[in-house]
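Quick one: structure below, then a few questions.
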Amino acid sequence: MSEFVASLNDALVVRSGFPLLSGVTLEVAPATLTLLTGPNGAGKTTLLQLLGGLVGLSGGSGQVCGVDLARDDRRALRRRVGWLGHDSSFYDDLSVRENLTFAAKALGRPLEDLAPALERVGLRDRSEVLARRLSAGQRRRLGLAWLLMRRPELWLLDEPYAALDEDGRRFLDGLFADVVAAGASIVVSAHDHLGATLGAVNTVHLVGGRVESRS
Amino acid sequence: MSEFVASLNDALVVRSGFPLLSGVTLEVAPATLTLLTGPNGAGKTTLLQLLGGLVGLSGGSGQVCGVDLARDDRRALRRRVGWLGHDSSFYDDLSVRENLTFAAKALGRPLEDLAPALERVGLRDRSEVLARRLSAGQRRRLGLAWLLMRRPELWLLDEPYAALDEDGRRFLDGLFADVVAAGASIVVSAHDHLGATLGAVNTVHLVGGRVESRS
Amino acid sequence: MTKTLLARLLGPLTLALLALTFGLGLWVTPPDQVQGNLVRLVYVHPALAWVALYVSFGTATIASVLYLWRRTRSATLDRIGACAMEVSVVFIALTLITGSLWGRPTWGVWWAWDARLTSTAILGVFALAYLALRRALDDDETRARRSAVFAIIAAINVPIIHFSVLWWKTLHQGATVFTANRTLLIHGSQAWTLLVSFVAFTLSFVWLLRARYRLEVTRDQSRQRDFNEALAQRRREGARP
Amino acid sequence: MIRVALLVAAKDLRVELRSRVLLWQVVPFGAMALLLSGLALGPARAGHSGAAPGLFFLVMLFVTLLTVARSRAIDARAGTRDSIATLGLDPGGVFLGKTVALTVELWVTGALLLAGTVVVLHANLAGTLAASGNVAVTLAALAAAGVLHGALSGPGDGSATLLPLLSLPAFAPLLIAGERAYSAALGHGALWAWGTISLVALVAYLALGILLYGVLDES
Amino acid sequence: MIRVALLVAAKDLRVELRSRVLLWQVVPFGAMALLLSGLALGPARAGHSGAAPGLFFLVMLFVTLLTVARSRAIDARAGTRDSIATLGLDPGGVFLGKTVALTVELWVTGALLLAGTVVVLHANLAGTLAASGNVAVTLAALAAAGVLHGALSGPGDGSATLLPLLSLPAFAPLLIAGERAYSAALGHGALWAWGTISLVALVAYLALGILLYGVLDES
């Protein structure tokens, strides 16, 4: 067992003949925040999907949360990560509350967690609105509430700051600090700079499907 | 005829009984850049849609590009604005080039404009990729190329900076400066600050579906 | 003044004429040589069909056309169209029921694959579909437009129903009451009763439509109150305590 | 697994109730299709009830395909799929849940259409009642097969939308068995001989689904 | 308008070709449905060709509904709709273009299914050939009606997905006329009497569509 939450070694992801990731080597230590940067189309989203078990490994090796990406069932991994996709969406025909209730039940969490989560992401007065009617930022906030219902070891967020207002960004910064302090790890992709309140950040710069530099 | 490109007077937009805009008064002068700010769910997207003729006016009055929103056909307006939505998307099963060819033909533009547009947004080496395979930022760039094919009097952009990398943002700043210099008007919503290269910016701050302050 | 008087008289007048129709139909007119007492359905069924097809469906269609015409567009017309269509569902259903009742003894079956019967049933489905469409859409303007277009498309069926007896060989009665050259085929008390029945059912349509429309107006008023409240609340949003 | 199944079934049915597609769209569609089939066959043929079981199941097949497409659409959007995937729900449970929801919808539609068959196509009432147990089983099997093949069709957005239709051959045995059993019931024939086929098919599809749904839904 | 129509038709057909749904999914579906309908009606009844025209048009109706749903899905996503809307295409042209594309697809499927009808349901070849002109017109009218009703169903995402099915009644006259004409051709009856109905319906739907498509697609 490695001491890393996630580690990839020359990982390759290929889809319909095109290499989305062309050999990525990466380690994510516990209780750290890793920032993925890079130009559009560099493979940030794909890398996050790989770490979350949402796409399969086509070459190289890797393990995440103790799951061997090349050998084990990806499904086991998915349950252990918290995921906020670039265009996370939910059941459009269910209300905010119903969506969260579904998530809570699926995860076996008590329904009492629900009201505080809604309050924290600022959706309390939209709790009965159907998800399809939410504004872009409110959808993102619903995604955050969905994340708050879980306590994953690894948080994967794809451009979480996009569409959020000042207030939401501040909340996210605070959340990240809390999560890292609690010992979990975060991998996040972003084009903006992260908030200054955050402590040490490992930056991984992707270009053309591989790691170009890190700091 | 007013001297404004767009002017709204106590504009109301209602959908399924909920007032998305609760009375907006606004003027957009020619050759200016107007920045819409405001918390999530304030009505920025809705306001842009109203200006682009994508939603109807439910109360109050307004005219955009000489089209009376309350009385005339909204279709006439749509043809005259350039639109980049928050999640602009195109024909997923057509390639980048085919999408742009379609737009060019629909707008009656010469196909020679196409290669330079692709070049400018940096999608030249993705021109044969299907739109559904593009990364988030590349989709946004496709939307920009689509916009470059037209020469609208009024540009409406909903959080155009989201998902774009440094390079893309710089391109956008340059584009805005060009457009304003050429005498067209821009209304753009954003949570980030706009680039410093831009000259005078009218900021309109929306809260709860109405204008709270402007500067 | 006259308007309110008429409005107040509408209900009683309708009821009186309906009563008159049934009185004349059941007791005054003679039974038929071939059909016996069954013939008395002739004072109900054709009049119901007339109201269903032409009066109520026609009202809905005309209201829809006027709504789509930009110059006469108004929420009132949309409302009238919707209400008329609802009433028309009732009349189409009654036409089908009385027709079936009549068909059982005369043709031996409740239902047959006859062109007029089928096309009438299809019109009924159209009317239900119209109501379904209205329920499926929650934006006022979209709903009004879509349902208006739908009503117009549905109206194509009306001439088909009318001419179906000529185009297809059918079980159903041809034009019995009026022939093509507008001469009345039946006479005497029968003709009078028939005429009264047409007037009575047409009036009952007007009465129902009016009641339904007023209900809709009341609903709209309460919706307006709700909306004002929502508007005030929306404006207060963000003004954080 | 059962817990997940109930959760998923409740969610699907709630979405269904909310959009009222079943009530306002699927059922009228079925009724219309029945009417039209009657017409398309011509008045003479549709009149006698021999064709009724066949038409009933044919229409139910289309209803199944449409409902499956909707049931897929509920979780279809790329963003939604990812969000749900990371909940790590037990795939067997998801399959069962979707099947239960679909079965309920098919039963509701089926009951109304059976009534329509009796009234419009003159199928005899006693026979129809006798067949109804068997019809219920067949519809459940159709639902299981439908969900399984819905998963085969992939995400359900874009290019592969119609793929489930290719798996029509898998429905064929069900349709034939259902039709024969219903016909037998109308003519007082050997209802149960055909009925067992539906039952066996139901069990087989359920077992297959619980085992394989995870594999299909993986990508 | 014609320019827009050609542009839209070319785009729709290209997307269709790319995804190859027609070839791999719609046509096999049609063939399967024809076979199954034959089976569902029982061998005795399906064997003689009397039922062939009815079954053919019934299956084509379902094919139309499926293809319309796909044709809607091409422009369905909220983001796509807005992008396209601001191109300000002439709605009459869009309607015509979509109708042309759909007609081509229906003709291809129809030709293959007609062959299937001759082979499987023993419809006589000469009669089928005689009817084919009329079938083509009827299918074009079906396409026009289909596009119109697709627009009625709204964006095509979410709750209103199945709504076009409700407009089935609008297809009924077409189906009946088509079926009768085909039957007449098989039996050397008065083909043209029925044929005119299809033709009139085609013209009527085209006119309606060109006039009203804009109103429907507005929002």
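Miscellaneous remarks
Each chain carries a letter (A, B, C, D and E) given by its place in the written order, and its residues are counted from 1.
By definition in this document, contacts are C-beta pairs under 8 Å (C-beta built on N, C-alpha and C of every residue); 3 or more make two chains touch, one makes a residue touch a chain.
Computed from a predicted model, the values in this text were never measured in an experiment.
The chain pair C-D and the chain pair A-D differ in C-beta contact count, and the higher one is A-D. Across the assembly, the mean Cα position most removed from that of subunit E is the one of A. Placing every chain at the mean of its C-alpha atoms, the farthest one from subunit C is found to be A.
Centre-to-centre spacing of subunit C and subunit E amounts to 32 Å, using the average Cα coordinate of each chain. Measuring from the averaged C-alpha position of subunit A to that of subunit B gives a distance of 29 Å. We define each chain's centre as the mean of its Cα atoms; on that basis subunit A and subunit E are separated by 45 Å.
Residue positions 86-87, 92-93 of subunit A are each in touch with at least two other chains. Shared interface positions of subunit E, i.e. residues touching 2 or more other chains, are given as 18-19, 158-160, 163, 166, 168-169, 172, 218-219. Under the contact definition stated at the top, the residues of subunit C that touch 2 or more other chains are 118, 122, 125, 129, 132, 136, 139, 141, 237.
Within the complex formed with subunit D, the residues of subunit C that make contact are 109-114, 118, 121-122, 125, 128-129, 132, 135-136. Within the complex formed with subunit B, the residues of subunit C that make contact are 70, 138-141, 223, 226-227, 230-231, 234-239. Per the touch definition, subunit A reaches subunit B in the complex via residues 15-16, 18, 38-41, 45, 86-87, 122, 126, 133-138, 140-141, 159, 162-169, 191-192.
On subunit D, the positions that touch subunit E within their shared complex are 18-21, 24-26, 28-29, 32-33, 35-37, 39-42, 45, 50-51, 53-55, 57-58, 61-62, 66, 69-70, 73, 158-163, 165-166, 168-169, 171-172, 175-176, 179, 183.
Put simply, subunit E touches subunit B in their complex at residues 4, 7, 11, 14-15, 18-19, 74-75, 77-80, 82-83, 85-89, 91, 214, 218-219.
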